[in-house]
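As written, the chain order gives the labels A, B, C, D, E, F, G and H, with residue 1 at the start of each chain.
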């Protein structure tokens, strides 16, 4: 069965952040592929990747990059699939502002679905929600995931109400 | 036939910007509904809208808001559908920074697919690309749209090369 | 006797910051309740909390959150009580700017009384000043608190004047 | 009957913005006084104003200023009443950032309840909510005010749903 | 004789700014070509342009773009010629910050020589200085240009000293 | 009698702003000279000006510039007199941030006394206060100037208290 | 003999930064006094300090503070002496931006001579330059200080030229 | 044989960053000289360096500085050679913003080719590309360097595809 989501990143050093997208997709029952593609160092590889994604069965591409981050936008220019951009606060980034602005502020015609700085986990969840809009099983997984988020907060709330904040802090 | 995309905005004053999303969807052959829902002034209406969207057949929600823009994120917390957020540079916004950050920087678990400031047209195109990942006709429309973008640039390039920049500026 | 101030926060991880509000209220003789309520993960719990606060006798709500921080503003939309917002520099925040702007820049009609980044102590003092405007005992506590602040500075000033800055630095 | 809210501003040129606070208080049935007090040009007048406010029956002070805006914080240092600060985007301000930061970022011990840039209307509403926490009539006015906000959005929503966005834009 | 400098821009709407580069090159006696190339709408045209530039005799490429401005960096990734980037404050840009950061903050290995916001004139002068490092005639033109800048300031200084600032302002 | 203050600016276009410094000095009874000196276009003129200032009897230099504003800092490096820098929001400046930071953030050893953006009037007053620290007549003028500032506020305050804010706004 | 410079700071925790001003004044042969004065916690002490400074013989006041830093501007409003403001990157400051803007952006009429973030050493040198404008001995010390700065750079330059950068880095 | 590139920096403490430019030039076969020149502490040395560079055979100057960074722009004002500016995030810099803006935002007439924050390696590569535009051997080195960048990414991509991201992270 073909992969539904393609995860790419500009550099191997982005892997600790970007692997959170892969983990989220696994949790939500969406299969994916993951590799490294650099807009600036492997421009032809980027073109091949982006132009072949749809015919390989990919439904969404997640692209992460930092600094002057051109990968998500360039991939978006080369495919009609939705592209999710993850701005990465890489070592050469100015507190993440460059990563965010160079992914978010795409010109009219070529959107990138941008998530929070270092928000690779959210990129995975967002990709799953796109798949889930057409796939009942994934939608159910999404609902369960949201339920777990809610229950975790409720449990923490009960804890702090019962034990008081001083004891909770001491834990 | 049910609507595929729901477009909402926090205030009637957002309509001049947000109508660009509607226009883009029309161009790309995706049907939609459009209304006004305020997170802060009609919180219950927002909940009803978000919780009923999936069962009404909606596949993607586009939500626009400005300033401390809570609508996209709150809607995302209330549905498992993908939510596209449009930061609006409203009259009370500080150059758009508040709109962008309060939509983009969602916590882990609740993503919003953020587009550029005032990028409602791109929100429409992005929603179409999500639909197009599963709908061959919309995908074809996307490809044609990209072709037109390309041809327009090529035409402008020919013009400036033939006429020179001085004559092009004088047009 | 019912609680006068309600302290809520979006996540258990906000407790080390938000407990400063509780401590300040204790010092100033104002009773309070404290729990966890997430706008994005427990939206219905948030609504119940906000809508029942007044009838439970609460006079002020203090709400802390970080990143795209929607809790204070959403609570303010659901109650006519004053709401104090504490922008938290959480791990996912961009130096606190997102937290500040998404709490401060509320649209006309729905104010949030915003304090400094991580300023939970000041949130507690501000809540006490609101209570103290109508409660002579709390007002007296406020006056004593200010007197202590003043005396501490005067003591430090005497120290550095007597010992000189070199010896003060060596302490 | 004594005034419940004191509105002050650093300069006569702030009046077009700050008068919105007065209007909001009138709408919500809260009486007030309004005058001009400059931290930098009339420091002694500022001290007299702040130190006498409580004994004159004032419950909340609203102070607006722009640029290096010291008035709200200095007044807060001189009274135990709650002080609401309105950052004004005055002609000498850098897009409002100086006004916001010099009001919001008060040190521990001396809070200012900061509202949005130019948010004088919200300052008035916030002051009313503080009074309303102890005054049933004002609380009722607050509830009615919120209801009107809600009904206005619902009316606009009906309009755009019935007429469509094109006709609404043409109005 | 082949062109020494290639000027490209992402959109015809950039021409009013980018034509300043052409004018500067004309003044300094450096020949050039000028056309429109969009990274996002004509990616293949961009590749062809960048990869063929050196063999066509081009010595420097000047590329201007606004918003999430990927053209200068992508061209730099596709050629070993020096690339000068002009951040343009286009209508979709956030005060130019996105344009600057997405051009300036290139990763190690792929530099772009960035000039000031809307600094197309300086881009032309910088390109001329690169040519002038190897071409005595252009270097002489550069020296004369600097002399004229100096003489203009000296003339203005004499004027204001003789006439006084009041009369100079009245001119 | 020699001039006490030297006012310089990088360009004739800075004169509308910088003439406010001259006016303030005239009001405060301090004599001055005013001319144009560009760090980047007339570096040798700048050196001559800065190095000769003290022996010509100048006590303070006021230097205004915009964008990458090097004039105040370079002059400070060439004289032991105090240098006041006026960041100018010139047409090429990014909202004044470049002007401010390139004047304010001088390295240890070479200070520039920076005033507010476009704050040439304050530069004149600051220069007068430096002269006034050693000149009783100028000090007296300073005191009178402060008194006038105070009286103007008090007059405005009386007006708005007597007439009410509505009538004051209508004036 | 009376003190020429008064150094004050808002909190004892500012002493490690502010003592650099004292050291610089000692090096340059200018006598000074140093104490703690808080605008927000000891407003009356601040007034007494500022209003008595001139008659005690003080020629310049150096005031350091962080966050919403009101001390320098408030002192400037209370004296006709020149006031140098040192923005401190205190623990509650947002990367120093609040400290800078609330000191720098003073309204017309009340200037503060602002130095770089944490630039207390430069504040001391600037104060000495103001004294040195009227005191030949201090001026001579300033010249010697500048000469030492220059010789230190020249020595480092010779080192790196002789040893090469690799060996210099290894030192 | 004369040096082709001159590398200068404002302080010995910039050497760890700026030596990356030297390393890049060595790798690309371009000879260079390196020394320390401070705009503020050795202004005459700066003038001598800049004015003599061309006649000594230098083709490009690389200048690095931090904070209010005037060295690159002042050198550019004193030579007709291209000047590459490296904004350094020095200890006194505000997250690098001051360094960037005071180098990038040069006025019309005096460009500086600015690279990324701390981007000294890119400055070296950019200088080599300027030389390589006229020197076939250096151009060949540039091409090989780009090939190595590409091959490294391809190798990392193969690795992560073969081993999977979990094992790659564990390495």
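The rule is short, and it goes like this: contacts are C-beta pairs under 8 Å (C-beta built on N, C-alpha and C of every residue); 3 or more make two chains touch, one makes a residue touch a chain.
Chain by chain, the UniProt names read as follows: A, B, C, D, E, F, G, H = N5-carboxyaminoimidazole ribonucleotide mutase.
What you are looking at is a predicted structure, and each value in this text was computed from that prediction instead of being measured.
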Cα-superposition angle relating the copies chain G and chain C, to nearest 5°: 90
Homomeric contact chain G-chain H: same or different residue positions, threshold half: different
Intercentroid distance (Cα basis), chain F paired with chain E, Å: 34
Centre-of-Cα separation between chain D and chain C, whole angstrom: 19
Length of the line joining the C-alpha centres of chain C and chain F, rounded to whole Å: 41
Multi-partner residues of chain D (at least 2 other chains): 11, 41, 67-68, 92, 94-95, 97, 100, 104-110, 112, 116-117, 119, 146, 149
Pairs of chains satisfying the touch condition: A-B, A-C, A-E, A-H, B-C, B-D, B-E, C-D, C-G, D-F, D-G, E-F, E-H, F-G, F-H, G-H
Chain E residues touching chain B - in the complex, by the definition given at the top: 11-12, 15-16, 19, 22, 34-38, 41-42, 45, 67-68, 92, 94-95
Residues on chain B engaged by chain E in the complex (per definition of touch): 95-97, 100, 116-119, 146, 149-150, 152-154, 156-157, 159-161, 165-166, 168-169
Chain G residues touching chain D - in the complex, by the definition given at the top: 10-11, 39-41, 43, 47, 66-70, 73-74, 76-78, 92-94, 97-98, 101-110, 112
Footprint of chain C on chain D - complex, ascending: 54, 59-60, 80-82, 84, 100, 104-117, 119, 121-123, 125-126, 129-130, 132-134, 139, 142-143, 145-146, 149
